[in-house]
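Read from first to last, the chains carry the letters A, B, C, D and E; within each, the first residue is number 1.
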Amino acid sequence: MSVLRWWSGLLVAFGLLVLLRIFLPLPFNNEIIIFSIYVIGCNYLLGRVGFISFGQPAYLAVGAYGTAFYLYYFGGNPYVGILVGIVSGIVVSALVGPLFVRLRSDYFALVNLALAVIIFFLMQKVLASVTFGDNGLELLTKMDVTPILDISRPDQFWVFAFVSAFGVWALYKYLDDSVFGACCLAAKANEDKLRFLGYSNYGIRLMAFVVANTTTAFAGALYAVHQGLVSPEMSSPARAADPVVVTILGGVGTLYGPLVGSIAFVGMKDLISKVFGHWELIVGFLLVFVMLAGERGIWGSLEPLLRRWILRQRETDKPVVADAGVKAR
Amino acid sequence: MSNQILEVKGLNAAYGESKVLFDVSIAVRDKQVVGCVGRNGAGKSTLLKSIAGFLRPTAGNVTSEGVDLVGRTAYAIAGMGIKYVPQDKKVFSDLTVRENLELGSYASGDYNWDPVLAFFPKLKVLLDRKAGYLSGGERQMLMIGRAILGKPKLLLVDEPTEGLAPSIVTHLKDVFRELSKSAALVIVEQNLPMICGIANKIYALNEGRLVAELTDPEQIRPEVCEPYL
Amino acid sequence: QSAGPKIKVGILLPLTGPFAAVAETQKQGALLAVDVINKRGGLNMPEGKVQIEGVVDDDESKLDVGVRRYRYLVDQGVKGVGGQTWAPLAYAINALVSRDPKPYFPVCVQAKEAFQKGKIAPSTFAAAYSPWTVGYMAGTQAVKTLGKKKIFFLARSDSWGWDIRDGVYAAAKENGAEIVGYDEASLGTSDFTTILQKVRAAKPDVFIAAQFAADSVALLKQVHQMGLNKEMTIFNAFITNVVAKGLPPEALQGVYAMHYFYYDLAGFPDQEVAKQAAEFTKLFRDKYGYPPDAYAAIAYIAYMEMFRGFEQAKSYDAPKVTAALMANGGKFDSVKGPASWREDHQAAFKYGAFLVKGKGPGEQKSEWDLFTVQGSMGGDAILPPLKSLGY
Amino acid sequence: MSTDPRAEIIRAEGVTKRFKGLVAVDNVSFVLREFDVAGIIGSNGAGKTTFFNLVTGYYPPDEGRIYFKGQDVTRMPPEQRVDLGMMRTFQLTATFDSLTVVDNLVLSYFRAYEKPSLLALFFNTCKSRRNNPKIVEILETFNLADLRDRVVKNLSLGEKRRLEIAMSILADPSLLLLDEPLAGLAESEIKMLLDVLKARVGRQTILIVEHKLSHVQDFLQRLTVMHEGRVIAEGPCEECLRHPEVRRSYWQIATEAGEGEAVA
Amino acid sequence: MIDPQLLLSGVIFGLSMGSVFFLMTVGLSLCFGLMRIISLDQLLYYSVGAYLTYSVSLAVGNVWIGALAGVAVAGATALFVERFVFLRIYARDITFSMITSFGILIGGIGVIKVIWGLVPRPVPVPIEAQWNILGTDVPVYRLAVVVLALLVYAGIWLFLNKTIIGKAIRAGIEDVEHVEGLGINVYRLFTLTFVIAGALSGLAGGLHAPLIMVFPDMGLEVLAFAFMVVIIGGLGSIKGTFISAFLVGQVVSIGSLIYAPLAQMAPFAIMLLILLIKPTGLYGSAMLKR
């Protein structure tokens, strides 16, 4: 029973994603799934650990290049490629993490940005002989056709991405329940106290950093396979704010915020840019409006309403119990 | 129209959905020292916050000398000479003690620190220290000192003796006595001997309701108040 | 109005971002081509006259966005796609097209290596060649026409800039000029003063720069402010009207550049081309109120070729369109004179580009009166030899 | 040499802490033996909290050494000291504001009783610990049961204080350091807390900084008085309180008798 | 290795770049440091300043008057935005201000496109002369910008240190409630600061316009760079921003003498280094927390 309740939210959310797949074009669906995986790491860092990161593109690029190097130079199996992308995410975040997580939140944001810039220049210039600079690594034609699910084709890729996203969400939902999740929140609230309870504040942040950025790298790996092309532009500083924007748009620290935010953001851009030349104007002011209207982002504002609505539905089914909620103490 | 320096009638206050105060009414005359006691979570701080304009009451009215305070902003209320010293000991930690005091001066237009430094000589040596480094008791002195600049007509103090050494507590008693010559005070306090020593009137709160109002000097004794805590 | 059959073609351009101004003119060129065909009744296809709808979308000059939007266009059933200002994206879409064929007409340069045998998709047709050619033309003109011997070259620090560099170097070597200095600056550089000190110290007789949009405007302005143009010839590898508009006349004065197309060819020796250009300019002016930019012309040519391909092939099928365009030696006629499609799907124009010189404050008679045409270059010679590309 | 057979828990040798010219703790030596119930008093700014911070490792001393259970911990980070059985509360209450009351306790419980590795944090959920008898019991003891699922941010200060103390007592440390635990608590809660603490005497070593001496006087076995960074008196409460310098600096009772005593 | 004369001119031009950077970032730094908001829309006021300089100088024929108009309109725009948007944002988390201001920036760029179109606008240099300084010809206009940057710095320094306002705002960042409790209307001070910041950003745009291309995305282009300059200096410190701007100016200038592409990346690498060594930036205060 309680097991079912645990999964119910996820099932509903991903059920709705299937509906989207039916009604909206494939490129849109693929994009929102990958993008939301991209964002959930940022969301976790910001909402649970209190780290705002303008450098998520760095880890995205790490994952993507991990995958791309494998697929371009070594092998053709996209699944292995994705695995390599994930591993490179773990390696890089474990390497830079120990230096970065010591920093205060706002500075943390900027060292990550610097990392993104450095990775950009590395890939665009320094390593241009292997990365082909901003022309990018073209691997669309290098991928093997895999049995069962051929993820080099957009429609079958969607199935894979969908299942992956489901897994990622289950993981993050579990993380929220875990003691680790509580520790992260605690570290955000009062790091000193956490240390004096005997937890290693540093260790917890480092773990959170690695987990979140590996997720981001995973999204990068998915991008690599999906687009069949990886270029340095992925880690360009001009796009550093995107995941943070979507995080906040969706609702910081909420589980489904990244999904809702991605749908809103990509939808806003893709749809408005179709019908209106000056889409920036609309998107910009829409963003301001959403921010002003709801402090907690779209999902953060929507969720309590939904919850209340569902509760009311339940109450009409059940005999009314005395309202215990308003008691002052 | 009454000319009470503070009159609260039927005040109800809540944080979101959870109600905290129910129909609280208090009155404070000029130059009166009013104590407010109650258990933890009784709503004492909430009462002060609603008076000072940090929390909008859900019902009831608050007036000062006939002027309605409900709906005014906190700085407007402070500008009327009603100063609030919160419980949380938050000083402006990035500023020095001197700058903290300067802010008090700027707000009230009173640049004469002598009374404050006379009340709390300790502050004199601390003037150039960043307030964030102060010890608990030193912060308390700074908070009160900052608030009494500009000679407020009503001072709302939330647990002033918390964290102060006994000698300072005794001293603070004198300070309050001195202050009450020119202002009215509402003091939330757990330290009964102290509050009973200076108060003209004591209100007791419990679970958000006013449960006692002691005005008789005979009754203002720790033993009498004990049960309300 | 006509209820007859209708097709869609994709116009995918960076309508936002640093290249937006250029993209805007490209869009206008493309839509003009659509207009021209529709006015004449539509495409002559076996099923009758077919009207065209140009579906415009924004690629933001970002690879992933561009690829996604391309997929949207395909999803919407467009019969052909064109566009791009950002060269790497053209390359990327070329790769997509080589996997799932679709007539594709990039309207900006595309990396030289994209034209290698096996790399260029059978259905890609590039009317704007590669950066290499841009550099090669600039270098040749600087040395041969202007008679300069010592070159300082400033590239943009990316594959686009390096391609141009290779072109300039090739031209210098061929014509016996010396490269006395080289540097590169990243996209987005806004202050070139220190680099200009270096240029000054190297004492070249011509300073060739390959920058684009905002960067090139900042560069040329600063060149003027520091008086570098008094010491050497300034050659901006290639230019567009939109970019030149960002310069105060005094900074534009005397700057040489290559221009794919300049609307005012009145004094040009080949009056045939001048007439064609004037006709096109009138067409464009009637619709938009000002003369076409080089990129507008390229876009117009590319889309006209796409439509010609459809009509000749009597089909929208990519291989058939390819075959139709390559037939007859790939010869076609454009608003800037005759041209032909080479085996590597680059267009060899008789007038690949015109050598222009910027007009100063006194000389500019109207808002768009920016250059005088001083010469031209074209033919097969300006393109990298087919052999070097593996054909 | 002391002849006390009980093991030493804390030994501080000549610790000094300076802040930009201010000597907050000045050459303090201090010994605490197993199951001692000791108090520190002193005027505001005397250096009590700073001394606590040194003992618990908030920052290292500029001079001197600190031993905990015979081990030199002078430069050991706090989390390791907690591992050895040290637990403290803060003068300005420190709780995890965004968690619920019970989850605050779960964190304390989990760390203290399951000694998890970093990875173990991933593989355990808070939920499975929330109904642990120890936690339920402590909630009852501290009258927090009603507030169990409230987010701490929304508690009154006294409630937070109780929660913080509950967290530290739940961990059952061998050394409990409380920095002004009674501040902000009402009489009834003070009684409750003292009862809880009394029940721990003989099982734990307790060190308390407190200004409300009258409340804890009977409870404390010994007292240390600090003034301007230095220890000025040490010993049983009565004795300390009679000490002339203490009377002068702490109560500012500069009576004739006081002065006379000091001279004598 | 490098010709000393070249190096010297690199230093001189670095100074001029530094002052441009300072003007460009001072608004951001004021908001970031004083009010704890990330006001990316400062770059919008920068663009507005540049465009106004173009339009007005075209009309009256004087770039200086144009720049002045830019300052005024940028300040007015900032006032408008502050009243309608930021007033509701101050109390929230810092990330909110970032996203909201990003929205304003994007939307504002859209408005600029509607008003001025996509085609870049030329702004001429008001002073054509060059002075020879230690063997290097330096455009006088650049020297004027350096002087103006110094003046702006001095003005802000006075504003922050000689008036109580600076202190009140610093206190307000920590705890708005407590400052209000003292009887100070913090938000009015915030408004004032914000408008000053906006006007200064406008000034930066106006002064920068003759050196670069004025086009709609000009603000967006320098965003990451401006941000970085502020960070190297340390949050909350105008002095830090000042020094960091000139430091970055030197790095960019000397960097491009050595190898020009370095100029874009080197400052970021330096930022990374500085933050890893000194996590609060050059002059950041360790205690500022929110």
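Details
Following the convention adopted for this analysis, contacts are C-beta pairs under 8 Å (C-beta built on N, C-alpha and C of every residue); 3 or more make two chains touch, one makes a residue touch a chain.
Because the structure is a prediction, the values reported are computed rather than measured.
Between chain B and chain C, the least number of touch steps comes to 2.
For chain E, the chain whose average C-alpha position is most distant is D.
By number of C-beta pairs in contact, C-E leads when B-E and C-E are compared.
The most distant chain from chain B, with centres taken as the mean of CA atoms, is C. Between chain A and chain E the centroid-to-centroid distance comes to 32 Å (mean Cα coordinates, whole Å).
Taking each chain's centre as the average of its CA atoms, chain A and chain C sit 38 Å apart. Separation between the centroids of chain D and chain E, computed from CA atoms only, is 49 Å.
Shared contact sites, meaning residues of chain D that touch two or more other chains, are absent.
Across the assembly, chain A contributes 125, 279-280, 329 as residues in contact with two or more other chains. Multi-chain contact residues of chain C (touching two or more other chains) are listed as 16, 157.
Only residues 19, 22, 41-46, 48-50, 91-92, 154-159, 161-162, 180, 183-189, 211-213, 250-252 of chain D touch chain B when the two sit together in their complex. On the chain C side of its complex with chain A, the touching residues are 15-16, 56-58, 62-64, 67-69, 71-72, 75-76, 87-88, 91-92, 95-96, 98-99, 111, 113-114, 157-160, 162.
For chain B in complex with chain D, the residues that touch the partner chain are 15, 18, 37-41, 45, 87-89, 122, 126, 129, 133-138, 140-141, 159, 162-171, 190-192, 226, 229. Across the interface of their complex, chain E is touched by residues 52, 54, 73-75, 78-79, 83-84, 86, 90-95, 99-100, 102-104, 106-108, 130, 132, 146-147, 150 of chain B.
Contacts from chain D toward chain A in the complex involve residues 56, 58, 77-79, 82-83, 87-88, 90, 94-99, 103-104, 106-108, 110-112, 116, 118, 120-127, 129, 146-147, 167, 171.
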